Amino acid sequence: MKRVICFGEIMLRLNPKGYLRFTQATELEASYSGAEANVAVSLANFGFNAAFVTKVPAHDIGQCAINDLRRFGVDTAEILRGGERLGAYYVEKGASQRASKVIYDRAYSAIAGIKPGEFNWEKIFNEACWFHFTGITPALGDGTAAVTMEAVKKAKELGLTVSCDLNYRKNLWSKEKAGKVMSELMPYVDICIANEEDTADVFSIKAEGTDIDKGQLDKDAYCSVATRFAEKWPFKKIAFTLRGSISASDNEWSGMLYENGKTYFSPVYNVHIVDRVGGGDSFGAALIYAQLSGYDNQKSINFAAAASCLKHSIEHDFNLVSIDEVETLMAGNASGRVQR
Amino acid sequence: MKRVICFGEIMLRLNPKGYLRFTQATELEASYSGAEANVAVSLANFGFNAAFVTKVPAHDIGQCAINDLRRFGVDTAEILRGGERLGAYYVEKGASQRASKVIYDRAYSAIAGIKPGEFNWEKIFNEACWFHFTGITPALGDGTAAVTMEAVKKAKELGLTVSCDLNYRKNLWSKEKAGKVMSELMPYVDICIANEEDTADVFSIKAEGTDIDKGQLDKDAYCSVATRFAEKWPFKKIAFTLRGSISASDNEWSGMLYENGKTYFSPVYNVHIVDRVGGGDSFGAALIYAQLSGYDNQKSINFAAAASCLKHSIEHDFNLVSIDEVETLMAGNASGRVQR
Amino acid sequence: MKRVICFGEIMLRLNPKGYLRFTQATELEASYSGAEANVAVSLANFGFNAAFVTKVPAHDIGQCAINDLRRFGVDTAEILRGGERLGAYYVEKGASQRASKVIYDRAYSAIAGIKPGEFNWEKIFNEACWFHFTGITPALGDGTAAVTMEAVKKAKELGLTVSCDLNYRKNLWSKEKAGKVMSELMPYVDICIANEEDTADVFSIKAEGTDIDKGQLDKDAYCSVATRFAEKWPFKKIAFTLRGSISASDNEWSGMLYENGKTYFSPVYNVHIVDRVGGGDSFGAALIYAQLSGYDNQKSINFAAAASCLKHSIEHDFNLVSIDEVETLMAGNASGRVQR
Amino acid sequence: MKRVICFGEIMLRLNPKGYLRFTQATELEASYSGAEANVAVSLANFGFNAAFVTKVPAHDIGQCAINDLRRFGVDTAEILRGGERLGAYYVEKGASQRASKVIYDRAYSAIAGIKPGEFNWEKIFNEACWFHFTGITPALGDGTAAVTMEAVKKAKELGLTVSCDLNYRKNLWSKEKAGKVMSELMPYVDICIANEEDTADVFSIKAEGTDIDKGQLDKDAYCSVATRFAEKWPFKKIAFTLRGSISASDNEWSGMLYENGKTYFSPVYNVHIVDRVGGGDSFGAALIYAQLSGYDNQKSINFAAAASCLKHSIEHDFNLVSIDEVETLMAGNASGRVQR
Amino acid sequence: MKRVICFGEIMLRLNPKGYLRFTQATELEASYSGAEANVAVSLANFGFNAAFVTKVPAHDIGQCAINDLRRFGVDTAEILRGGERLGAYYVEKGASQRASKVIYDRAYSAIAGIKPGEFNWEKIFNEACWFHFTGITPALGDGTAAVTMEAVKKAKELGLTVSCDLNYRKNLWSKEKAGKVMSELMPYVDICIANEEDTADVFSIKAEGTDIDKGQLDKDAYCSVATRFAEKWPFKKIAFTLRGSISASDNEWSGMLYENGKTYFSPVYNVHIVDRVGGGDSFGAALIYAQLSGYDNQKSINFAAAASCLKHSIEHDFNLVSIDEVETLMAGNASGRVQR
Amino acid sequence: MKRVICFGEIMLRLNPKGYLRFTQATELEASYSGAEANVAVSLANFGFNAAFVTKVPAHDIGQCAINDLRRFGVDTAEILRGGERLGAYYVEKGASQRASKVIYDRAYSAIAGIKPGEFNWEKIFNEACWFHFTGITPALGDGTAAVTMEAVKKAKELGLTVSCDLNYRKNLWSKEKAGKVMSELMPYVDICIANEEDTADVFSIKAEGTDIDKGQLDKDAYCSVATRFAEKWPFKKIAFTLRGSISASDNEWSGMLYENGKTYFSPVYNVHIVDRVGGGDSFGAALIYAQLSGYDNQKSINFAAAASCLKHSIEHDFNLVSIDEVETLMAGNASGRVQR
């Protein structure tokens, strides 16, 4: 069973039920998630040996986060316990013209406070073939940035493939800081995953001719971004998620994979949204699965796009779809006929 | 008040709330349903004297099934008590490209274990004018197949109209077995209801030129199927539901009625789905209502299509719409303006 | 802070969860609303000093109504306590071709039983610059009609701007009665808000060439209605909400403002509906906000249409959107991208 | 199957979940109940043919009330449809030293507005052997008082046994009015059911030496009340419920039956309360069941006390216990061991 | 209307439903509370003009806290907006031998980060007659300690009565730090409220002969503690809550008031617990109400004990009982008879 | 980490919320449990390496059972997938005099259909030191009885300690069959766990002088049962749970351990019940933990009784208490003071 290591934060996600606004809610759904944790769950769900590495407090809420990962098959043996608090975030689901809202309460979390040396990467990477992180982890603080650097260096040394999802979060750090820190990490990255905003925000590489609020997608522009991106860093492959935002209820969704000057586009899906949070993470996870399963580039991007298309129909951040379901959609069956 | 007898199984239906997947649910909505029970509820709701005939265990869960039928006005006086278990099934609601899923747990139910002679059909049919069953009932076991044969013979003897919805379920029996058993029952059937898959699965009569996963509907093909079907069995009328599956969230829906070489098509409705389970049953019930109310063929198929269109907007299996609501839609008002 | 006085009824609103029909519900969501109360909440939410004037029983359910208004910042100091009951209404949410249903149980409410002299309008209007009521208030009974007349006279005397939303409710009074009573109140009204049904029902002024059940909108027809309406009463401005009902799930929504023979149309929004009850009230409130904020006519109607477009994405009657959210939509961003 | 006719009001009961106060609730549990409806449900549940006679509006909420009765086996064929509204009441569950609270909103209900002649008692009483009403029904208005008189006269004429639960409600009528109206009905009553407050409130017959708020029970005092009561009216039997209120969470509960100068006391139960509303009604129903089943007086009062003791462990008003459960408790087994 | 100013933190309270443990919960009830906020709500509920002073973030969750205070009538006009986060705490309700659990996540809250000068106490205390704080506020950080000192000095200068509930929280500061900081604040306090643990923890004054885990109460010991306490600081009055912990489900509860060497004990209540969090705060609030209402010492302590006894029967932290309910219990009626 | 193997069935547990009866429920709480699975969860929760061995269907409901075990740390790697159905059972919570009810629907489950040879016990027992099963497993069918024999033989061969909880279920097999099968398994059992009913039902060894429905406990009688039991089989130790059933809401609870003619009784706890299902299983698990931790007999029975006492305060079957919580109670602190 292929072993993949994901490193980052897991948070308590709190959201009102259905379409209630924060100011209407007297109950909140409690689940657990984080960009890299979501990837780990997807991979475990697809049958891989996925381990998640983080630090959570030694209290019951920290335990709940671990339990939720275990429930979906993630190896939690390398998670450290300690620190003051588990990060949290609040999600309010949008609809029609009303956008979804996310309020983060993640500062001072246990993982944000880690220091180099707390994790034994040599041991953690034992028997692993892949390491995944996102731009959120180094953004949490200088400690996590340093530990991420420890991890990628050790990963490369041990021959693991390294993937990174840029995932720029403007409320965690400035574009300048992000650009600087990420630039130091990029040389260790084999596969870079991003959306059109990330490359602009972090590395000032813009997809000209697109207006994300208008939902226009321009294949050439994406190709141009990838090319410039590939010139800058020695990535093996670059993958983009392409989201056309029609409204908070309806999106277009597809993906692009770039290798050696060639681009591979998936079909475009019109998705009627149940919960779009975690869509990008599910794309990254499916791409890792596809690559580790030896799929060619077209099949890889098709698998990643189909898997993450399905994520939009699932509540909360984890993408709980089976390989069968992804393959059925890849094969062109989007009819949603009842499976009895 | 016209009296209709429906015979079959009633099960406990368990589904996660909203769009949660099975693996996310810690609570399940509990309702009761079954292909023929759904028909009985529709007819009682339309004001007919509808009786449901089955066997349920003598415990509280069996009583719950009876209570739910009584609540919606179905006559439950002829239901036998006994046997080991009430069948159950699990439903997970799909959305967008993700299909709904049904997991059956109906084997060894009380009704599946019945034997010829347990029901007094002569008494049950007293004052009744119509008998309805579906292909699910004889599929439950050799006992139910034999008892269904008892029932249709007695029904014909007593002059009742007999309707059958083919309702092929591949997890209950093979196509071969279904074809054999149903072929023996068909001579007693006056009105046969089906969809394009059923006729292919049970009697190998295919609607050429349709691809149900692509959602294409072809009027000529349906006409051809009905014609070949009518040549094979002495049905008075044949009715088809026509579903175009755009996604798990959106369907096209209409119906066709065939008599003496002529076909009558209803308008096509674009439905935004709340719950599509029971859609076919609501069509059958509305067709029975229309026929017993003396509607002509065009009005009958329009009524059946409109009633079952509305079913898709209602949670769970029972079609709790009023005749007024059906007639408003038949009259062309699909605007959904608030009724104050 | 600008002070606006709204006068009318507040009721207990009871609705089944999600898309359940009344006959399926064993739990009801309880909120509080009323045409003018909804306006007051919108205005308080936008930062105005909005007071709501009514009478509610001196028991806990009456207190709940007050608490809900206070929660959203409405000044409840002028609400009288007494009378027998709090009006209630039941809402069943429609979907697709199935219309939403409202059952009123508002007769004999405390406010319906008030008599002239119970409210001290001189004191209530102190420091206020605007008075708002709707056609529902005088429809509640002869007492409320008389008190409304007291209020508008005093409001004009004190120099307040007076706005009225026609809001015809056929189950409260006949068209004849409505025409008669409203005709006496109209001379005191500066800004009249209506939809195309109201003007026809109350004053027999019809928008020719529209068929609301078909969802067709005809700008010229609306202009013609406004012109005829303006000839009849000395309104400063007339505003219309324009609803195109595609289904219970999808509507077109826009607004028109008329002044001195000129019409100003907002963009048309395609809304995927969460809850459309209160849509008209949110339009009126936003128009008042815009006028009091000195917006020109085009910006006013754009603000009102955008604010009320967003209302359709919010559960229950209150329009809990921020000015920022309205302005983002007015600026053309309807993409529903997640706001982090 | 013995047929019993119960006549009175059925209301929508709304209560916050668990121990939430009204002012905390955003959801309300919706059930249906009424003093005489509760008796009908108990009797149907025990296997009798119990019919409930009332009038409810012709809208969906009225239908819900009927459906809930049907669900539990009550014959609803004689229920009239019409009138303006269904009465409602709000219940807030107490705990420990905090009392439960009931707020009625039942004025102007359909049943309160009935007039003599609306019910065909001759037809209703066909094949029936017992008629039951409570003091609430004549309290609803002059119409219901007159119709109750119609009913008892016809019942006696046709040889039915008549039972009445005094059930004084101070918010429906004054003690004087109650005394006057009930005095006219008492001559037709065979079995009178009451608690110690009712006899004092309606007929000024006090159980001296008891203080209900202190929870003291004095057998002699109850015997004295019954004796005086029996002297005044020609009752065959008189039954009392005896409640010792330790707190809102814990009560003592027992019953007394009086006939011909002799009293029969049931055991006293210490009940830990789930929901005590409907406790008295369940006592009355069980007494009727016992009398119609030919139980002697001691067994009758034991059955009634045990059945109503169990009611306190059941949510909402209906007493959904089986005869087996009552008999197990009567036999002395109050251990609550799990029944597998 | 008497105006009371309460100063402290308001937090988001998250608790699993019913008796679920943290590790079982997928939904959390969300309410808002804090020791001094709870006092403000009680006083507003009793009809006083109660203002709460704090600082909450300028995001929606901060707004929710304000809305919940407004809902229950608290004046929120002096609340500052800003800072990073709203403190939160998690509550798991205990039962029988299993204790309730509280996990705090309050560090780095907006209020914990305030600095001297942020609040204009002169303006805040305008028209106020009482200032209340608890030992939690200065424990939040050096900033809150300094601001509390500002407040009590200004309060004394302006002639307000100052009350303080010691409320020692070991996870916020050490006993040594608490002793030092509180010692500086005590000279400004008129009425000191505590329980037997607080005086020991903060000032090393122990109630000898009591063992709180055994639930023993010893009047003499409490008197001795109060005497020693009164010798140390110039309090006008000292009040103690006395809790006898039989189990997590059942407690004994009473209070003591001390003035000038004399002690006044309330009756002891046996409470069956719904939610005991906030019990002490409700005691403090009721004592303030009693003192401001001019009750004598015995009536004051009886009112405070009865009000806080009732709190134990109410979910969440706010004590939503009416003066009527408190007075009924004070009068000796603890029977919990239904109030209709 | 000590490794314990538990073998048996895991079922879907469905129960109405709170105290609702089956016939009132429209939602059911879904959890997963089984006598031996409950033991595995307890042991994993206490920090042991606990593996659960069973067979569940290869569908989503089977996966849910596995996920729930994983969530609480149980090793599920040895669970087979296949078979037709997952067993289920329905639980209705009793209160006061009304008993809890359990309806089993476990026949024909995947595990009930296993055959010898399906499990590789040699591999399963690798690194394990303890094997636990209950009398339910061999009762499921001849296959499970044979496989249990395989397991105990291999366990003894490999030197594992074997524990068995008699757990007689009358609806699974007759006393005669149970006596015969269990008699063949007993020679391999080191530690036998039972209650007073089991020994009587399975081996006709009665605790004279006890009447479980009366809740009387007689130490001598239990000692006598254990002695006779120990004479019959070569157990190292025998443990009894002792339940005194006061009502469905309140029980007395304690345990006894017997070794070599000596008995060790735990303290008796008065428990106010949240959910008593799984109480016996939590006792067995805690006893295994105590024995494997090297506790002496008195400490072992105290630990087992305290842990299982706490179970009664926890919803559903799993005993989610920490060792700290058990030790606090063992130390005599049953006060339920809030743990902050």
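Note that the chains are named A, B, C, D, E and F in the order they appear, and that numbering of residues resets to 1 at the start of each chain.
We take it that a contact is a pair of C-beta atoms (placed from the backbone, for glycine too) under 8 Å apart; a residue touches a chain by one contact, two chains touch by 3 or more.
Since we're looking at a predicted model, the values are computed, not measured.
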item: Distance-maximising chain from chain E - centres being C-alpha averages; value: B
item: C-alpha-based rotation, chain D on chain F, 0 to 180 degrees, nearest 5; value: 120
item: Centre-to-centre distance between chain C and chain A (centres being mean Cα positions), rounded to whole Å; value: 44
item: Rounded Å distance, chain B centre to chain E centre (Cα mean); value: 62
item: Junction residues of chain F, two or more chains touched; value: 18, 21, 23, 26, 67, 72, 101
item: Complex contact set, residues of chain C against chain B; value: 18-21, 23-24, 94-102, 104, 169-171, 212-215, 245-250, 276-277
item: Chain E - residues contacting chain D, complex; value: 18, 72, 269, 271-274, 306, 309-310, 312-316, 320-321, 325, 328-329, 332-340
item: Contact footprint of chain C on chain D as seen in their complex; value: 14, 21-23, 25-31, 59-61, 63-64, 67, 84-86, 88, 90, 92, 101, 103, 105, 107-108
item: Residue numbers on chain C that touch chain E, as the complex places them; value: 67-68, 70-73
